[in-house]
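Okay, so chain A shows up in both of these, paired with chain B first and chain C after.
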Partner chain A sequence: MRNLWTLTRRELGAFFLSPLAYVIIFLFLFFQGYAFKTWLHAGQQMGGVEGIDVGQVLGGFLGGGFVWWFLMLLPPVLTFRSLAAEKSSGRIEMLFTAPVTDIEVVLAKFLGALIFYSILWLSTGVYVLYVINAGAEPDWGVVTTGYLGIILFGAMLIAINLFFSSVTSNVVVALILSLFFNIGVVFAPALIDFLTSNAAVKNIAEYIQVVDHLEKDFSNGIVDTRHIIYYGSSILLGLFLTLRTVEIRKWR
Partner chain B sequence: MIEALGLTKKYGSMTAVDQISFEIDAREVVGFLGPNGAGKTTTMKMLSCFMPATSGSAKVAGYDVVRESLKVRQNIGYLPENVPLPHEMKVEEYLQYRARLKGISRADRKTRLSEAMDRCGVAHVRKKAIGALSKGYRQRVGLADALVANPPILILDEPTEGLDPEQILQVRGLIQELGRDHTILLSTHILPEVEKICQRVIVISSGTIRAMDTLTNLKKGSGVLVEIQGETEAAVAEALTNVDGVTDLKVVPSEGEEGSRYFLHTEKSQAVREQVYRLAVSKAWVLLGLSDESRRLEDIYIEIVTADRTLAPTAVTDLLSPGSEGASSHA
Partner chain C sequence: MTDPTHNDASSTPASTSESTDWGAKQKWMIGVNVLIMLLLAIGIYAGVNYAGALKYARKDWTRERLHSLSPETISVLQNLDQEVEVFNYYRPMKNLQVPPRIQILVMQKVNSLLAEYKQHTDLLVIKEIDADKDPTEARFLQSELEVDRANLTVFRFGKGEDARRQVVKLEDVADIRGGQNQASLRREEAQLVAFRGEEQFTSAIRSVLEEKPTKTYFTVGHGEMGSDDFSQRQGLSICSKALRQNNYTVSPLNLLKEGAVPGDCDVLVVAAPSMDYAEGEIAAIKDYIESGGNLFLMLRELAESNVMQVVEDLGITAAPVDVMALDSVNFHSFEGQFVLRVSDGLSRNHLITQAMAERGLHVIMPLVRPLFLAPTEGVSIEKILQTYGPQSWGERIVDGNPNMQWDQGEKRGPLTLGLAVQKKTSAGGHSRILVFGDADFAGNRAIGAASNRDLVTNSFDWLTDKGLYFDIAPKVPTARLFQLSPESGRAFLWVWWGMPIFFGVILGSLVWWTRRS
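Up next is the complex of A and B:
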């Protein structure tokens, strides 16, 4: 793991050297600011900022607005080039002829995207500070679990989307696979629920119901170990599959 | 230092490298030659641990390229064929990152970095983005990358490709200098380059080794052809054998009524021709012919790769490419 930090730093550096990163930052801050303003406005009409439960800042975000779009769309745009572009540009040859292990490379790609993703979301913390400054009482439990939920959810999609980036050398294909998967994950359970009346199927659908995990629990200050296991195992699966795909190069 | 044993690579059903075996000793500079598509790049990718062999094995720096690939990679500097570099990074930034990856300690990094940049002539563009550099400069950055950790073994895939003539000379000089304390395997299509910097060559074509020998051995057939009229062959032969620089003499069966022909084996064609002329004058021989028959690497190469013409139809056109300096004038 000697090279993990060097590689991760390089990943982060690559984000900040690409114009795409600034487009993402701009869109994210613009829409989140807009969502916050809308929410604040509604709160004020109900009796002023002082009476607002700060936990609801995130609850409000998660409940509506643009949050789901960002949760679905950020991981693909942060990972689609990760491995696919290395392959199409041939840089993968430079990378793997240096003394680095496959696992270091995969983890660095994952961490680079996750750190960038986390920085984006944590930057919305200024809204929380704003509400506190205006006199509201924060419920730190809710704030913490809210962010934890968002980061775990993102880590899961980043790991799985990284896998899509590893199976192809075409960045567009990687992007499309990731988008389809993420949109599917968010909407499929509701669809299954709608289409079937079978109780067993409904149960499974409920378990993989990522929207509920995040909305009902994390944004209400509840950390259910079941959900941690759910996200944790999905992250591991994504990383494992990515690693295997990277390793295939050695057996062809 | 480099050892290949029955190395084979198949892309699907197509065999790109077929059972090649060779050995390269420490501090040897070996040229890897062959027509386009011969399998040079493929072989180098296997040696640098990028790609596994379909069968056979290879050891580099004493380590197996599959089982101890990390150790191998710590001991090599590899310059890939197309030098794929991240365009958005600055030259110095990139080399710093590579030095860190290759495990150069913080204390040594600065000196190693400036030495590699100086040697490859990229110090003055260190602050430029790689994407803004010309192809030749990118090639030099790739070379600096291969050198930055000062590995004992260098595997260079067409290192002078895309460089300007002055830079080609500089890089050749650099490789010659590095050759004193490095083991180098380099592929190239420029045969005069091979004559300048390599001690030994491996010629492959259609994935198999066609020739593998030192340059001196390959050029053994070189010499001077002398044609003299009306003397006793034995006397002339004896006199010619005594000329300085002649290693062997053969009487060539003459065709028709002209003079006797003698083939003098030598590597110093010019000096020998001079002396033969003086000798002929002093002995009043009728000298009908005196020609330089030194074998050029081009001729030898063509001979080797055209031996299997049906298998490698691209060999000659390959040599005639603009990069091959003067080969065209002869072919």
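Up next is the complex of A and C:
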């Protein structure tokens, strides 16, 4: 456990010491501010003289169209170098000769990226504080479930993107694989659902339709155990596959 | 003697071959191992998700529990013992008075609500009709369900000829304010102010499960408002439609011709007659009440008729036809007509109005004739609708213009506007009678206003002793509105630009500088 914590801190430290992290932070916060401004403006248009509906603004901010771009792009950027760069530079050999287990290495990579991702998202809580300061009373249930959905979905993508980073030593390939996968996860279920009339396939497509999970449930204050199980099991599967891929190196 | 330093040439190839064999075998074993583990992992993954999809729970974290079903609905669903089919057919349309944005919003709410219903029973079979994906099936279902438009949900119980169905349209589940059809001087953005899906859907399920429809008869021939009249002033067609959707049948009744109220009549409706009834007709109605029948009697301003004779024995009389209840605070102009807003005068002690009164809802009534009551033995009478206190009085209307001043001699409020009567019959049963000093509140023009529709449907439900489902409140999200002051606007710019600049640029430069040095 101590090893895991040490490695996680090392990973997190590496993030914060990298200039790339600050570029990500700058762009993320800038575009999040822009997204919030857009929802605020939409709320103003809808509410007219009566005022802005804070539920509409925060619901859109945590589950509306902009969110998907951040959700699809952020995890690959945080994971593409994790194992691929270590492999290409040879640092991975040093890491695996250290007195730590493979699972600790993989978990530390995952947790490091997830903590950084969560810090980024939770920093947007400043906009929730902003509307409170402006006199609004947000529904904390909706705010909590909104962030819960975003973090769960991000954790799933980070785990699977980490796997893509582990299968190659080329960071560009890892990045492209992750991006394609994430775009597929977001858009493919809706496409399949639209194209098929087969009930079983339709049910599966509906089950994995992450856009609906976030837009209809999490950002509306609903926690559905099916979504938790889907994200939780996908995180475990992603980590398991990453671990196996890392272990294969030893068998060669 | 063998030189130990000399490699045995003959042994080398054999050992290499052995090593190669072992290596290949090991690789093969590893490959199989990896494959098994992979398949196992995917199998567990699929199994866990399958089990999770079969048995799941949804928790509503919103403050007002906007997505939670009421105990009444849960009870109806859990008591289902036969399959009820639900055909959900929503598709944004251009020709509807509701903007597509609202249509989509309502569609999402309907889908979400049906998903909640499904959680409580497997006997609700929900079928989505998707005209884009399968137009043939959509057309077939449209013809089978006898619907000619989209944006509705059909509940069906049973098969073939005996199937009972109930249609719930978008307009029934959504209270929309503003939009193109709003009679307003300024064009308002259409807004969904309340979602009545649960109330309507539960009522629809309950209705299709009822074995026989409840029969209502509307008297004709005395200038009454018509059950199938579509006009604004004389029509009750919207009321009839609401009744039919609740598994009531609506039929006209010519008492003069029939001679008696039909034996299968569950409610006899007398809506604003303006001519006298023949003695035989009065007697027929009295006989019907005496035999345990239920009467819904509505009067109207300036409509002279002897119909009040049927309730004279109960001690109920009405003010002259030109005397109306006025209220200095709650008397307003609505669409060019004066209406009385009744809120505080809704009884909290009667099933019809209790839930409405507790929620602070109101009904609006155009000119209402006050009712008077003399205590009568063996009869239980409840004032369910009254004007509020001394600010109201009875005023004689001359030329349609009310004098908004109380004058000496005019009766002060509270004035009775609606009475609910329960009377024991000689056969040991009981009959129920409702008398209102107004009929226009149930008419096409005003039934959609305020909570009039609920007053009408609750009245029929009480008369026929059906469970009152009005306890299922519409979902009205509390709009947490806030205003953005110019200061707040400026503060936003600081937050928007300050955050990335501080965390991205300043902190980043600091880290870079520290590492460099």
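The definition used in the following text is that the second predicted complex is superposed on the first by the 234 of 252 C-alpha atoms of A that agree within 3 Å, B and C clash if a C-alpha of one lies under 4 Å from a C-alpha of the other, contacts with A are read in each partner's own complex, and residues count from 1 in each chain.
Basically, a residue touches a chain if its C-beta (ideal position, glycine included) is under 8 Å from a C-beta of that chain, and two chains touch if they have at least 3 such contacts.
No experiment lies behind these values; they were computed from the predicted model shown.
Taken together through their common chain A, the two structures put chain B and chain C side by side without a clash.
Contact with neither chain B nor chain C is seen for A:Trp69 once the two complexes are overlaid on the shared chain. Here chain B and chain C are compared by how many residues of chain A each touches, and C touches more.
In the superposed pair of complexes, A:Phe187 makes contact with neither chain B nor chain C.
When both complexes are overlaid on chain A, the residue A:Ala14 reaches chain B alone and has no touch with chain C. Smallest inter-chain Cα distance, chain B versus chain C, after superposition on the shared chain: 6 Å. Touched by chain B in one complex and by chain C in the other are residues 17, 251 of chain A. Contact residues of chain A toward chain B in the complex are 2-3, 6-7, 9-10, 13-14, 17-18, 89-91, 93-94, 96-101, 249-252.
By the touch criterion stated above, chain A contacts chain C in their complex at residues 16-17, 19, 21-23, 25-30, 33-34, 36-37, 40, 44, 46-48, 50-55, 123, 126-127, 130-131, 133-142, 144-145, 194, 197, 203, 207, 216-217, 220-226, 229-230, 233-234, 236-237, 240-241, 244, 248, 251. For chain B in complex with chain A, the residues that touch the partner chain are 45, 48-52, 66, 70, 73-74, 76, 78, 80, 82, 84-86, 88-89, 93, 97-98, 100-103, 145. Here chain C touches chain A in the complex through residues 27, 30, 34, 37-38, 41-42, 45, 48-49, 52-53, 56-63, 66-67, 108, 111-112, 133-134, 189, 191, 477, 479-485, 488, 491-492, 495-497, 499-501, 503-505, 507-508, 511-512, 515, going by the rule given at the top.
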